[in-house]
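Letters A, B, C, D, E and F mark the chains in the order given here, with residues in each chain numbered from 1 onward.
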Amino acid sequence: MNPPISRFPVPELKDLPEDIRQRILAVQEKSGFVPNVFLALAHRPDEFRAFFAYHDALMEKKGPITKAEREMIVVATSNANQCQYCVIAHGAILRIRAKNPLIADQVAVNYRKADITPRQKAMLDFAMKVSQQAHAVDDSDFATLAAHGFDQEDMWDIAGIAAFFGMSNRLANVTSMRPNDEFYSLGR
Amino acid sequence: MNPPISRFPVPELKDLPEDIRQRILAVQEKSGFVPNVFLALAHRPDEFRAFFAYHDALMEKKGPITKAEREMIVVATSNANQCQYCVIAHGAILRIRAKNPLIADQVAVNYRKADITPRQKAMLDFAMKVSQQAHAVDDSDFATLAAHGFDQEDMWDIAGIAAFFGMSNRLANVTSMRPNDEFYSLGR
Amino acid sequence: MNPPISRFPVPELKDLPEDIRQRILAVQEKSGFVPNVFLALAHRPDEFRAFFAYHDALMEKKGPITKAEREMIVVATSNANQCQYCVIAHGAILRIRAKNPLIADQVAVNYRKADITPRQKAMLDFAMKVSQQAHAVDDSDFATLAAHGFDQEDMWDIAGIAAFFGMSNRLANVTSMRPNDEFYSLGR
Amino acid sequence: MNPPISRFPVPELKDLPEDIRQRILAVQEKSGFVPNVFLALAHRPDEFRAFFAYHDALMEKKGPITKAEREMIVVATSNANQCQYCVIAHGAILRIRAKNPLIADQVAVNYRKADITPRQKAMLDFAMKVSQQAHAVDDSDFATLAAHGFDQEDMWDIAGIAAFFGMSNRLANVTSMRPNDEFYSLGR
Amino acid sequence: MNPPISRFPVPELKDLPEDIRQRILAVQEKSGFVPNVFLALAHRPDEFRAFFAYHDALMEKKGPITKAEREMIVVATSNANQCQYCVIAHGAILRIRAKNPLIADQVAVNYRKADITPRQKAMLDFAMKVSQQAHAVDDSDFATLAAHGFDQEDMWDIAGIAAFFGMSNRLANVTSMRPNDEFYSLGR
Amino acid sequence: MNPPISRFPVPELKDLPEDIRQRILAVQEKSGFVPNVFLALAHRPDEFRAFFAYHDALMEKKGPITKAEREMIVVATSNANQCQYCVIAHGAILRIRAKNPLIADQVAVNYRKADITPRQKAMLDFAMKVSQQAHAVDDSDFATLAAHGFDQEDMWDIAGIAAFFGMSNRLANVTSMRPNDEFYSLGR
């Protein structure tokens, strides 16, 4: 028997509203499995819809910050928040998007020692400040980002991702959301 | 001249997508003014839509936890995160919903000393743990909530609100979102 | 029946030593009510006398730091210490002294976002460091204050107020000192 | 040349108001030297008077908590606040009052490992909570103290001393108040 | 060109004292590569010898705590200390010793959510307390361990491993010790 | 009867392996008493040997950092870790090696206020960062040390001592290792 994927009730696919069912089937089609976050959050369809709309707006956005870099933000801040689901699932996505089997573990444990560029380090410094002490963010933080070539929209992106996954980390920890076994070895 | 309401560009109402414009006009109609969070977040229409859909799913939900109690969660956790916008705006809403001019300031500064019931204190203890150290939430926290009569859906509600406003607090701090002057005296 | 204003015994006015009774009557005359701190601390007459002598020496002092600015220090540091009595009572005094209905809530929640001058922000940065990590205060802090035009006596004033209210915050939290209802709306 | 005893101006005895001069001469008579706190704080006569009146009200008080135990509170909380003057000066007083050359260093570094009674440990647990997180003091803390035989007046004493020296620690750190050389070896 | 494995000079095998060279060759023989910790620490032969003697005394010891469990302690505490080398290298060893490809990532990010027994969770609770706040370890911690069947020698083992790797984590962070690429995929 | 020197079993000298017995007798010969750390750690002979080999490699090393300065590192970091044994025992050694009866207490409580040189303060700033947040050590820390004349080997020494005593502090706190009475007054 498999361990539970959430401390809360998990709906069956067939019982879900059609739009959510279709979204999940599409992910399954693409990934070969259904990441547990979809099933755990489907317990609350309205929140599910908002969560993934928000997620996609931030993570699928085109722009100077690459998709791999967006995943770096997720992985670094999620380990600071001790979120097992997010570090393991987004670690896999980061490895795949960066085509680099080492980067996710490096960024998770201590991004200051990771094989990243100074620009990426500045991005993660800011993301971590938003995640851990947003009240103290000030002009000097924005100036540092600008000095690394980030424009205003990039700054919003970084902050948005750090803030959104701060929420996601808390939900995953409260629900004891379990990462799928598949994630651990993807992209290695 | 008025001080800026966000460090980022703020769109004019007339330039917004119609659904967002309508939503904002409806709020203005009801409240007599447009809370700045609507204008500041409208800079990113997709994120705006997801943000308010999520907000409404959590804050407009019917259930044993009253709307005033939901606002207590917002106010207590937002002060812990030093979020000026959320404490001041939701403090106003809390005063109105609780029909109590004192409760918001009490809950913001130290909810342990507020005029609330033991059940409400247990709710806020849990919300603060989700907000500040969600990684350590465990069975004993759920047992304490259950002993105060909260069921599983209530627990999700509390956690969801604390997590969502953790995101909101970070966005407001990064954007230097300014509370409308109207909020300070509402409901006093 | 009114909720208690202190976890400890609260004397009646008629039973108090004459000097303390006179002091309290004078405050009542001036303010229209007796702030609970006077009654709660009167449980210990000698400590009462020392407390208010110290308070007045710091808060009634003439000098380049205005009375409103002194109250800003109280409000900002008291919220960091989660002291309900001090934030609410001195928030009222700050509103009155600054003739500004918004300033107290802004300074309480996150002074970095408040409508204050750079000189006032430097004053509060220092006050918060004294309040939260005085062991690390060093020459660079004094140099920053000097660069904003504060002289040595001003520096002592700021530190003295932050230190004194650090004590006051702890006393108020331990005694569960209750702010008078009047304070919440004063000066709004 | 001797190192300065304060970062701020230190008055000469002959220039002080007579009451302060007499108080200092009396201490010198009794101790054989003038503890630097008297000279450093004499820079502000009104604050000096209030400070020592408060100090004496708490530290010279008769009651079930002995003078040595009061000094234990000072020493433990002052090391938590990294206050060199208070740990060294009150460490000396503690050794003398307890007639125990070991107790001060033990209590300063980690009172949990000191040669003290369970009742004294409960007293210091409470004092440290008042010193470091007074906002969270609640009924359970008072119940623990009561179980060790402390009555309400004792609880006020412990809290008052922890709060007063929290102020004193901050003043000493900001002024870089230097402990007299005499203190280091007294009572050993 | 490979990135450096240490911020400090790294000796060549041929220049090392014979005992150290032999130890390293033996590891290479067994593992198929030389873990970088051996090369980085060989910069200081005497410290190298003491380090590995200590390591082996704790990690190769027979006893009720299995080798896999010892590695759990290393992985959990090393992530709390943000030590990239130790989490990644000992994560590999943990996977191998536990014959479980998932356990290392789970334990690293949040051991409270890992697939471990209650006894193992108690072991890690204690290890984390030793790692993060050893000053507060007290009788109740030992009683909890005893209730899970740990005897006195086991308690020493857990504490010793947490303390030793606390040192190791600091050395690895200061030297910017780089985990070998081989570790990331071992045992998956 | 004497209080126990360790929570764990303490072997008798006659039952110890000969090399350990000889080492202890040599210390006794030189110091006039056996520091309790030797007896407490002798419970585990292999760990004892590694511990003291490591200790000597770091503390007996010749170099630009004097033996007194090495002890300063121990005393400052050990008080941050609330380790009674290390502060008291190494405080004594520091007084003796520095031929200064005041220095140990100053450095223990707040080294920023101690009678030390700017170079020594930079050394302790770095040692404290290694001790308390090694994950954040970066190039700027090494540059600061270099500006004070420390070379690469010195930097390793400082870090090594801070890391080693971080381990030692944890072992002493877990074992409740008791400082010998002799240490308190040595060198005063």
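For this structure, a couple of remarks:
The criterion applied here is as follows: contacts are C-beta pairs under 8 Å (C-beta built on N, C-alpha and C of every residue); 3 or more make two chains touch, one makes a residue touch a chain.
In this text the structure is predicted, and so the values were computed from the model without any measurement.
If you take chain B and chain D together, the chains in touch with both are C, E.
Where touching is counted per the definition, the chains common to chain C and chain E are A, B, D, F.
Chain pairs C-F and C-D differ in how many C-beta pairs are in contact, and the one with more is C-D.
Relative to chain C, the most remote chain by averaged C-alpha coordinates is E.
Homomeric contact chain A/chain B: same residue numbering on both sides for over half of the interface positions. Chain B and chain C have centres, each the mean of its CA atoms, that are 28 Å apart.
Chain B and chain E, compared by their mean Cα positions, are separated by 43 Å.
Residues of chain F in contact with two or more other chains: 82-83, 110, 135, 173. Checking each pair of chains for touch leaves A-B, A-C, A-E, A-F, B-C, B-D, B-E, C-D, C-F, D-E, D-F, E-F.
On the chain C side of its complex with chain A, the touching residues are 110, 112.
By the touch criterion given at the top, residues 7-9, 43-44, 46-47, 49-51, 53-54, 56-58, 81-83, 130-131, 134-135, 137, 142, 152, 155-156, 159-160, 162-164, 166-171, 173-175 of chain F touch chain E in their complex. Touching chain D in their complex are the following residues of chain F: 3, 78-79, 82-84, 87-88, 91, 101-102, 105-106, 108-110, 113-115, 173, 176, 178, 181, 184-185, 188.
Contact residues on chain C toward chain F in their complex (touch as defined above): 135-136, 138.
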